[in-house]
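Here come two complexes built around chain A, the first alongside chain B, the second alongside chain C.
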Partner chain A sequence: MAKQKSPEQKRYEKIEQKHEAKRPVVKNCIKAFFVGGSICLVGQAVSYFYMYYFHFTEQTAGNPTVATMIFFAMLLTGFGVYDKIGQFAGAGSAVPITGFGNSVISAAIEHRTEGFVLGVGGNMFKLAGSVILFGVFSAFVVALIKTLLLIWGVI
Partner chain B sequence: MKRKPIVVYGLLVLVIGSLLSGCNQGEKTSEESRSSMIQSVDPEATAVKKGDHDVAEKVKKDVQSVPAIYDVAVIKGKDEILVAYKVKHMQRFHMKKIEGEINKRLEKKYPKENFIVSSDFKIFIEAIELKDRMEDKDYSSKDAEERLKKIIKFKKERT
Partner chain C sequence: MLKGKQSWVFPNRPVIVSSAAVGGPFEARGRLANDFDILHDDLWMGQDSYEKAHKLLLEEAIETAIQKGNATKEDVNFMLAGDLVNQITPSSFAARTLGIPYFGLFGACSTSMEGLALASFLINNQGAKTVVTAASSHNAAIEKQFRYPTEYGSQKPPTAQWTVTGAGAALLTDTDEKAGKLVTTSATIGKVVDLGISDPFNMGAAMAPAAADTIIAHFQDLQLDPAYYDLIITGDLAKIGSPIALELLQKEGLQIDSEKFKDCGLMVYQEDQKVQAGGSGAGCSAAVLYGHLFNEMRNGKYQRILLVATGALLSPLSFQQKESIPCIAHAVSIEVHP
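This part shows the complex of A and B:
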């Protein structure tokens, strides 16, 4: 239900468009690409570390690597470094798994004044909760589809 | 605000301590397996039994002729032949196809042998390490066979 805009509003929009700073989309994309890429490079190094010093194969090294990357992001968030990275890189720091750790800890820090149970505990997964919920649910749906296809003998 | 340094130091001690205690319990690693992480090492083919050396060498040559891969490690055990390889970066999209191709090629040429083919980097490292151990004269072939079995069991493991 879009309301009809009055002539003044339309005129204002025109002036606003003239003065609005343009979003540097290409520049942002390049920044996100490189910062996100470096985060993944660290992740690759961590996964090689697990493969080399512990008994993990390429397939099984994924889980501990993800956990370690989240742990790193949590530390960096607590020390206030990750905010700066996020401001610089945008999606480049939010899309990798480290963004998940950041959203958990930043919510916990924000609500610290409300106490440990209702504040930190209750609000920790404010943002990350939806990631977990929809991640688990979509994994369930995909697994269900695969199981059905296997039973029917399609694949 | 005054309490912050204690927390920070505590965390640091925890992290460093757990890292150090975690890293020291591993076994000794070799120079070659370490450098295999960043470059091509081209390890020699070996066999647990001395007489099987030629077969292993031949298998290695055959596998190497697949254009999409580099760095092949072959170890021949009593019953199985372990073949580990690295896939060229842009070819990693076709991992399944390459594995099938190698399997088919080997099965056709050596119908009697039993092959364990893996592109997993961990298996590659383990193969190099086993090869380096076997160069040591004190390392008995029974131990080598046992370790090879362990690697093969490891390969079949998932998650």
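This part shows the complex of A and C:
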């Protein structure tokens, strides 16, 4: 919990607010919408590719599509492009599966110098770990709610 | 010699015989590229880790400064250096290579002036004949420690700053041949100031009050008018912090011309380099002062300058624990001896 601010700190906050550059939220949202949308469009194309050229259905094409998208993210991260896309697109490149891939891969590259076990292995999920934890937990909660609603006959 | 509450004056005027600045690829594209002695075109600098590259920067800066001063490592009594990596390993490892008796300093990005103030004090008071002082930072090594992996695609806010890959070193001696040479004349040691900013992506605003506090103390202790200096330069307040500091100073009644109030973090890069608010890091003020500003002084552009290096004394742990950012600033005045 943040400490109570002293009167001096409050006075400074006012001066600081006047000079602080604000995040361009609307512009960031628009950029995120289009870049995120484009990434999903590529994902959709990959998904159709697996459905038309291989024996995948709409339900089963998800797994190879995700793997392919992460592969693209790996290449872009390794060539040093993904962080630049991230600075431009913000949530647009962070939210899709490629963002998850980027968080794992960038941490793996970063800690390569500390060796494979303690470096790559120990740090790979430094950022993605909480995504996995809270992702799995929220899926559990949603599934629980659905199950209860089904038992009670609401849906 | 103590003057006022927290300042030293150096009547013996320690001479800065030589200085050197080393930079990385991003700095090579910056505004001050010509003022670096060595520029690397790769962040790895032929090493197998960024931390080793960081150490190399510092070694090169110190070796170049010693060489330019026509001295040898054996002539140097003490080395005062620091950086931002955990346990200041790049500085200590460089001291291992150089074999010079060593003081490891930590004042975050204010280390450059902490070192120069102490080096001047040592020489002024016959504690040493020759001292080398340096500070350095390496973008990838520091980002790795304080922020996210370098290739992670996070969006930095416009208040964020870019850690400079660079090192600066200065060689000071107690020689009597002072005419036309750069000398240090006084220093003010700052206190830790915390006005409640807790966003590590807004360091300029966090550090501005510390800079203002030290500058006010400097003029009070030395009974000087700001017009005495041709230039007052802060370390790495950048776009947000610099105008805040100026406003705080003007509120305290110090008449400082905004043309004469500069910031190393705003000088080091070009407009089109995407560094958000500006440069930062222990190497920022060191490389700009020991490279660019000293060259300008040697060319006669400035006679008297006051450099106020600012440091944010946070750790990755302290900001995750929601602590605000305590900051510090140290000032050293450098003049061309008549």
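By definition in this document, the second predicted complex is superposed on the first by the 128 of 155 C-alpha atoms of A that agree within 3 Å, B and C clash if a C-alpha of one lies under 4 Å from a C-alpha of the other, contacts with A are read in each partner's own complex, and residues count from 1 in each chain.
What we mean here is this: a residue touches a chain if its C-beta (ideal position, glycine included) is under 8 Å from a C-beta of that chain, and two chains touch if they have at least 3 such contacts.
This structure is a prediction, so every number in the text was calculated from the model and none was measured.
Once chain A of one complex is fitted onto chain A of the other, the partner contacts of A:N28 are limited to chain C, with no touch recorded for chain B. Once chain A of one complex is fitted onto chain A of the other, the partner contacts of A:G90 are limited to chain C, with no touch recorded for chain B. More chain A residues lie in contact with C than with the other chain of the pair chain B and chain C. By the touch criterion stated above, A:A107 is placed in contact with chain C alone, chain B being left untouched. In the superposition on chain A, A:V117 contacts neither chain B nor chain C. Once chain A of one complex is fitted onto chain A of the other, the partner contacts of A:F56 are limited to chain B, with no touch recorded for chain C. Shared-chain residue A:V154: touches no atom of chain B or chain C.
By the document's definition of touching, of the two partners only chain C reaches A:Q9; chain B does not. On chain A, the surface touched by chain B in one complex and the surface touched by chain C in the other have no residue in common.
On the side of chain B, the complex with chain A involves touching residues 11, 15, 22-23, 26, 29, 33-34, 37, 120-123, 125, 154-155, 157-159. Partner chain C is touched in their complex by these residues of chain A: 1-3, 5-6, 8-9, 12-13, 15-16, 19-24, 28, 77-78, 80, 82-91, 93-94, 99, 102-103, 105-107, 109-111, 113, 126-127.
The touching residues of chain A, when paired with chain B in their complex, are 48, 51-61, 63, 75. Residues of chain C that touch chain A in their complex: 48-51, 144, 148-159, 195-198, 202, 205, 208-209, 239-240, 243-244, 247-248, 274, 277, 322, 324.
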